[in-house]
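What follows is a group of structures, each given as C-alpha cells.
Presented sequentially are two complexes of chain A, the first with chain B as partner and the second with chain C.
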Partner chain A sequence: MTNRLSSEYSLCKKPLAAPSQRWVAYLLCVGLVACSTDTPDHSAKFFDQSYPAQPGGTLISAMPSDPSSMIGMVAGESASLAIGSYLFNSLLKYDQNLDLAGELAESWQVADDKKTITFKLKPDLQWADGKPLTSADILFTWQLITDENTHSPYASDYQLVTKAEAPDARTFIVHYSQPFAPALESWASLQVLPKHKLAGQDIRTTSFAQKPLGSHYYQLKEWRHGEYIKLEKNPKSVLGPANIDHLIERIIPDPAAQFLELMADNIDSMSMDPITYARIIPSRPALQARLNQFKELGNSYTYLGFNLKRKPFDDLRVRKAINYAIDKQEIIDGVYLGLGITIASPYKPGTRWSNPDLIPYTFDPAKAKQFLAEAGFEDTNGDGVVDRDGKKLSFEILTNLGNKQREKTAVIIQRRLKEVGIETHIRTLEWASLLTNFIKPGDFDAVVMGWGLGLDPDQYNIWHSSQQKPGQFNFIGYNNPAVDKLLEQGRLEFDPEKRMQIYHEFAKVLYEDSPLVYLSAGYGLTAIHKRVQGIMNPVPPAGVSYDSQKWYIPQPLRRTQIQAE
Partner chain B sequence: MRRILQNPLALTGLCLIGVILLLALLAPWIAPYDPDAIDVKHILLAPSGQHWMGTDGLGRDVWSRMLFGGRVSLLVGLVAVGISTVIGVILGALAGYYRGWVDTVIMRLVDIMLSIPSFFLILAVIAFLSPSITNVMIVIGLTSWMSVTRLVRAEFLSLTQREFVMASTALGAQDWRIIFKHCLPNSMTPVLVSVVLGIASAVLLESGLSFLGLGVQPPQASWGNILTDGKEYIQFAWWLSLYPGLAILITVLGYNLLGEGLRDVFDPRSNTR
Partner chain C sequence: MLAYLIRRVLWMIPMLIGISLISFFIMHLAPGDITSSEAAFDPKSSEESRQKLRELYHLDKPIIVQYGLWLERMVHLDFGHSFASHQKPVFWAETDKEGNTTPGMIQEALPITLLMNITGLMLTLILAVPLGVIAAKKYGRWPDRSITLFNFIGFSIPGFWLSLLLMYWLGVIHPWFPISGLHSLNYAQLDFWQKCQDLFMHLFLPVVIPAITGLAGVTMFIKNGMLDVLSQDYVTTARAKGLSDRTVTYRHALRNALLPLITLIGLSLPGLIGGSVIAETIFAIPGMGKLFYEAVMMRDFPVVMGILTIGSALTLAGNLLADLAYAWADPRLRKGVIPQR
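Up next, the complex of A and B:
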C-alpha cells in the first residue's frame, strides 16, 4: 500500500530511501544495530527559514483507521467525524479561546424563556457544486439525525428539539420544551448535509457516504479504502479558500509504522505517544531538527472505575481506601513518562469548568489501611490479603488489549493495592469484547478506561442515574440524587457563571463520593514537519489544528521542489 | 546413556537445556531483585553492573524477570507435553493394538485434528476461556497429541506381529498386560524424541501466545510477554527484545538439538553411529 502511494505521488526524495530504512528497522528488531537511522537530510536551517503565506502544496498526515463512511453523524466514529470536519460546516463553531462563534450562522439568539433559539445564516452560502446552501438543508439534516431509522448515536441531544422550522432561506428556528444549555454545543457539532443530494435516499446505504459533497474548505477527491483519503481544496468554500491545495490522510494503523514513515519523510504529521515524544525523537537529532512538536493537554482522562452495584465497591470507605492506595504521579511518570497531570474533577484542568479548589487524592497507604480497617477489613489469616466476614478483598481489573499504557497502569495499580492488602487480577480483553460481554451487561469488578469529553460541561449521560441501561454510559452504576439534581440544573442554565458554580459543586460531590479514581489527564502530542508553516504558536486553547486552513507550505519546501533539486 | 553423551548434537542440547533449567529452578535464590517490583524512577535503564539486562518500561529488573519468566516458559513446555504425551500414547496404543473400528475412529480423529491449524485453534479456545497459565498448558496439551498417537500406533502395529507379543497372547495374557508390559516399553524410543521436540514447540507456542497477550497475564513474567513489552521500546531499548528473544532461541535450539541427537542415537539406520 505504501509503495503504490509513493510511486504515484513521488513522495520519496530518493526511491530507495524508504526500503533501505525499513531494512535498518528490521535489523534493529533483532538487536544488531543501534545507531541512528536518519539519512542526512537538508540541514535543519533549510526548513527553519520562514516564508510568507502562499497557496498550493500537499500536506500528508497519518490516521490510524479507515472511516466506514463519510457521514460521521451517522457512523459515529472518530475517523468519519475527523474527515467530515474538513468537508461539512456546522451552524456554530468554537473560536480559538473555546468561545462559541458563528460558522454558517451569522448570528443566533436565545429567546428570553430560553426555550427557542433563532439562527440567522450568512448570505450567499453554497455547496461545492454551486447549489445554494439554505436553512432547508439544516432542517433536513436535523430531521435525518433524529429519524429513528437513521440510528444516529448523536440523536439524543437533537431529539430534545420539539419543533424545528425554516421560515425563510436564511432563518432556522428550534424550539425546546424546556431550557437546554448544551444545545449550542450540539449545533456546533452537527455537520450539515446537502438536502438536494440526500433527500429520498436511504441514509444507511446511500452512495453519498462514499462520495460526499460538502461546503467546507475541502472536498473528497479520491478514497482508496485502507490506503488513503485525498482531499482537494474547495474553491467555493463558504469561509473562503484554504491555503494548502491537497490533504492526504494515509491510513496507517500501527504507530510504529507511522513513525517509520515520518522518519522517511513520507508523512508530514502524526500524533505521537509519550515514548516517541520523550525518548525516540530526542535520540534522533536530525529528525528532531526538521519537526515542530506540539504538546497540549487533552480533553480526556484515564480512570479506574468500580462496579458500584457490586460489593465491596458500594462502601465509600473501600473506594476511598483504594483511591489513597494508588500513586497517580507514579503512573504518570512510569507510563506517560511525565506527560500527564493529576486531576480532581472530570474536567480539563485550567478550564472554567474544572473546580480549582479540589486537590487530587494524595498517595497515602496509611490512610488507605485506616479506611479499610474502618470498613471492617483486616488480615485475619495472615495471607497478606485483608478480609471481612471470611471473604477476602479481591477483584478483577479489566482493560482493553493492545493499549499498553492502560495495561501498564493496571500493573502499577495492582502492585500498590497489594501493599495495602488488596488482591487484584488483571485481565486484558479485546475492545469490542470488553464492551459487549462485560461493560454492557455490567459484568465486571473494576475497569481501567478513559473518557474523552466534549467542550460543553454537561456530563448527564455519564453520571445521571437514568443512564444505566445496557449500552449507556453510566455503566459503573453511579446513583446519587444530589448529582442528578445538579446535572439537571446545569442543563437548564445558560449563564456561564451560574453554570460554572453548578459544575464546580457537581465535581465536589463526585470528589467526596469517589465513584472512580481519576488517574490522569494526558497530553496530546503532535509532530508536524517544519515545511508546514503558519501554525498558531503558542498553541491556542482550541488545539494545534485550530485554523489549519491558514497553514501553508512555501514553494521551496514542498516535496516536488526538493525532488527537483 | 554413554551413546547420548558421545553424540555432539545431544550433548550440546543437554548442556543448553541444563543451564536454562538450572537458572530457572534457582530463580528465587539468584534473582537480584523482586521481578515485579516497580520503580518508575529507573525506567528503561540500559544494561549495567546494577541491572545486568537493564530495566523495563516500569523500572523492573529484566534479568530477574527473565529468570522467573523462564520458569513459566519451561513449566508450560513440560506440562503441555506431558498432557499431550499421555493422550497420544493411550490413543496410539488403543488404535495400534485393537485395530479395526477403534483404529479407524482414532485415526480419523487424528486427521481431523491435524487438518485444523492448531495455533488458530489455540487462539480461539484461549480467547473463549480466559487466558491463564493453566489454560495455556491444557490447551497446548490437548491440541498437540496427534504426532505421538501416530508414532505409537505405528510401533504397536509392528510390535503386535512380533513373536514375544504373539507368545504372550497365546499364553492368555490380558490385553492391558500386553499393552503396558510388552508393547509400550518397546515403543518409547520414538516417543522420547517426539517429547523432546514437542517441548521446543510448546515453549514457542507459549511465547507466541504471551506475545499476543493471550498467554501468561501481567504482572507475571514470561519470555513472550517481556518480548511484547519490549516491542514498544525497540527503537532505543534493544535489551528488552534481545534477551527474551535469545532465551527463547537457546531453549528451542537446545531441545531441538537434543531431540535430533536422540533420534540419531536410537535410529538403527542412522549414519552417525
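Up next, the complex of A and C:
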C-alpha cells in the first residue's frame, strides 16, 4: 500500500519494484496496442471549450485514506485536516502569494509590545445552521484545544497564550507572555468549532466528529466510512457560496486503482506520482487530452541527516565532503523522473523565506576528496575505503521501509560515496521501529528522511539546541549558538521583511555548517479533468487548490448520471 | 456426548485467555506505539502532548498491568475504543446523550467481509466439488489434466495482478463492472432490487477473483478424497450390486469423500472474518483485512486485540463445530469405531 508508483526509475529499462504498479504499467503498455477506444476523438476538443462561471455540478476526487474524524485539530492527521478545511474557517488565512489575510477576521492588530493580538471579526458571521458565529466560538475552540483532556497534538502553540478574551461578539484578544511571531500562523490553522454544538461534550468521543457543523464553503452530507465522503455546498458560507454544488471524496487506497478510475472517467481529480505524470499519461493521448495536469513545489524536502554527536560527523570537513560527493540532480532525475529541484535552504524555493543567494552544493568528487584529505582521511591500506587513525570511514544509512523513493535515494548515495572512498551500509526499517529504536535514543549514523513544513518560517523545533531530548525533532543533535539566537529572534519579530532577513541568515549558517545534505524538493502533481474550469493558471504560490471555491463545471460538461441526483 | 460438549466449551476459556495473552505480548513487543506513527512525526506537535497521550492510554504502565486492564474490560465484553480513529468504539455501536450513534469499527467492517467471504467460499465449493469429482472420475485423462492445469494457473496467478487486469479489461475498456468501491455514489436513491444489483456488480470481481485463485486447493482436496474412496472395497461392492455409476459416485463415494471437507470448512471459519488486505486495498473495500492491517501499522492496540480475540474465539468455535459436525456426519466416529480425537 505504501509502495508508490513514483518510485520507479524507468518504465521500460528497469525492473519495476512495486508489484501492483509494475503490472499496471505493463497493462498500460499492452493497452496502448490493444485498446482501440484510446484514440483522440472529438471529446477532447469538446472539453477544451471554455464557459462562463456557473454554479452547480459535482466534483469527484480520490484520496488514499479515510479521515478518522472531522475534528482535525484533535485527530492530528492530514486527511482529517484536509476535509476539515472544507468545513471550518480560521481567523486568518494565507492568500495566493502566501501572505496572511483575514478569513473570519476582518482585521488584526499586533500591539506595540508584540505580546497582544486583537482580532476583529467580520460582521454577521454564521454557522451552517444559521446560528451566529461569534468570538465566543473562537474562545471556546481555543479552550478546547488547550484543554488537557483534549490531547490535541497541536496544543503547544496555543498553550503559549496566557490569556484569551472575547470582550464583545466581534472582538477576540490573545495575550502572550513574550512576543511569538508564529502565533499568526497558528491562528491561520486553528479550525474554529461551534460552541453551541460542542459545549459540555467529551471531545474525544463526541458524535460531532462524525456529524460536524461548520461555517465554510461546504458541509458534510454523507460519510460512508472507507468508501466516500459527500460534501454539499453551504449556502450560508461566511465567505459567500462556492460554485460547485457537491464535492465527493472517494477513498481509494491503491494508486493503480485510482488511475484506472481516472481512465474510466469515474473521478475528476487525483494526485499523481512522477511515473504517472511523466510516462503513463503522456503515452495515452486521449486521456491526456481531457486532463489538466498541474505541477507545484510542495512544502517538503528529503535529506541525508547525520548524527552530529558521532564521529566523524562532528567534523565539518567530513560533512562537506559527503555533501560534495552526492549528485543531487542524479537522484532527482533517477528517483523522481526529474520532477523535483535541488535546494540550498530548508524553505520552498521561490518563497519569501528562501534565501536566493545560496546555491545548492554542487556535485564535485574532487572537492569531496580534498575535504576528506584535509580531515585526515586517506586510503592507507589500498582497500578503496579511506581511513583515519586506522579506522575506516564507514557508516550506516537508515531509512524507512516501504518508501521506495527513499530506498532508491539511499542506494544512489551509497554508490557515489563509494567513489570517494566512503563505505556505507543501507538498512531499511519499519517506521515505528526506526523511530523508537534508532531515532529516539539517537542510535544511528545517518538517515534518509524528509521534512514536511508549515507556512511559517519558524523551525525552532527542528534546529534549536534545546530540542534534542528523546522524542523531540532535533534528533540529529544540531547545536549552534548562532542558529539558536537567530531562531529565537525570528520568533520575536513580526515584521515580515525583518523576519526574512533573519531566516535568510539562518539558512546561510546552516548552509555553511552542512548539518545535513538537502537532497531534493519534489513536485506535487495533480491531474484534474478539463470539465473543471476556473482553476488559477499559472498555479499561484499557494498551490493549485487555492480558491477552489471559484472552480466550476459548466452544464454541458457535467456527468449525466450525477446530474440525475 | 453432552459431557464432552461441556468439557470442550469450558476448555475454550483458558485457551482464549492464553491466546489473548500471547497476542497481547507479541503486539507490544513490536517497537513503537500509537504516538510513533509517521503522521505523528510532525514538527508542529510536541513530545509533551505525545507523552500525555501515552499516559491517557496507560501505555506508560508495565505491560502486564495493561493486559490486566484490557482483560478486565473484556470480561464485560467491552472491546474499548480505538486509539487512532478518534476513540471510535472498536466493536459495538455507541449512542451519546443526544441520540447520535457512532458505529463500531468491527461492526462496520465485519458484515462486508462476511458477505464477501461467505459468497466466495460458497462459489469455491460450488465449483470445486464438481471439478474435483470429474477430475477423480477421469483420473489421468484429458478432463483431469485440463482441470489440474486450470487449477495450477489459478493457483499461480497473483491475485492482485489478475485483479488489476480484470479491473482494466472489465472496468475501463468494457465498462461492465465498477472498478473499485462497494456502493455507487447514488446508492441511497436506489430501490431494493437496484441496491442488490449495485452490490452484486461491485462485489463481482472482488469475490470471483479470490474464488478462482483459491479453487485449486479445495479441488485437489476433493479429487484426492474421491480417489481414495473410489478405490475402496465398498465402492466395488456397490458396483457389483449393479448400482448405476451415478448412484455409486454421488450417493456412496462422494458422501465419504466430503467428510474431510467438514474440517476444511470448520478451519476456514476464522478466515471468513479475516479478509484480505491486498484485495480490499485494490478494490477499495473497507473490510476487516484493511482494518486489521492499518490497526497494526498504527499500533492501535484495542482494535488489533479486538480482531484477534474474535478471530481466536471463532477458530476455537470452528474447531468444535467441525468436530461435532464430523461426529454427526460419520457414524463410525459417533459409535466409537474410530477413537475420537
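Some notes on this structure:
In the analysis below, the second predicted complex is superposed on the first by the 518 of 565 C-alpha atoms of A that agree within 3 Å, B and C clash if a C-alpha of one lies under 4 Å from a C-alpha of the other, contacts with A are read in each partner's own complex, and residues count from 1 in each chain.
Assume a contact is a pair of C-beta atoms (placed from the backbone, for glycine too) under 8 Å apart; a residue touches a chain by one contact, two chains touch by 3 or more.
Just so you know, these numbers come straight off a predicted model, no measurement behind them.
Looking at the superposition, the partner that touches the larger set of chain A residues, chain B or chain C, turns out to be C. In the superposed pair of complexes, A:N97 makes contact with neither chain B nor chain C.
Of the two partner chains, chain B is the only one that A:I275 touches; chain C does not reach it.
Of the two partner chains, chain B is the only one that A:I426 touches; chain C does not reach it.
Of the two partner chains placed by the overlay, neither chain B nor chain C lies in contact with A:Q143. Legend: residue contacts after superposition of the two complexes on their common chain; A:R250 is shown touching chain C, with no touch to chain B.
Comparing the two complexes, residues 31, 34, 256, 433 of chain A contact chain B in one case and chain C in the other. For chain C in complex with chain A, the touching residues are 30-33, 36-53, 56, 81-82, 84-88, 94, 96, 98, 100-103, 108-109, 158, 160-161, 164-165, 167-168, 171-173, 175, 178-183, 185-186, 188-189, 277, 281-286, 290, 293, 297, 299.
Touching chain B in their complex are the following residues of chain A: 28-31, 34, 256, 259, 275, 279-280, 283, 330, 333-335, 337, 401-402, 404, 407-408, 410-412, 414-415, 425-428, 430, 433. Note for the complex: chain A touches chain C at residues 1, 19-20, 23-24, 27, 31, 34-35, 37, 60, 66, 68-69, 71, 74-78, 80, 148, 151-157, 201, 204-207, 209-211, 222, 224-228, 230, 248, 250-254, 256-257, 260-261, 263-264, 266, 400, 431-433, 435-437, 451-454, 459, 461-462, 469-473, 561-562, 564-565. By the touch criterion stated above, chain B contacts chain A in their complex at residues 36-38, 40-41, 43-44, 57-59, 127, 130-131, 213, 217-219, 229, 231-236, 238-239, 241-242, 245.
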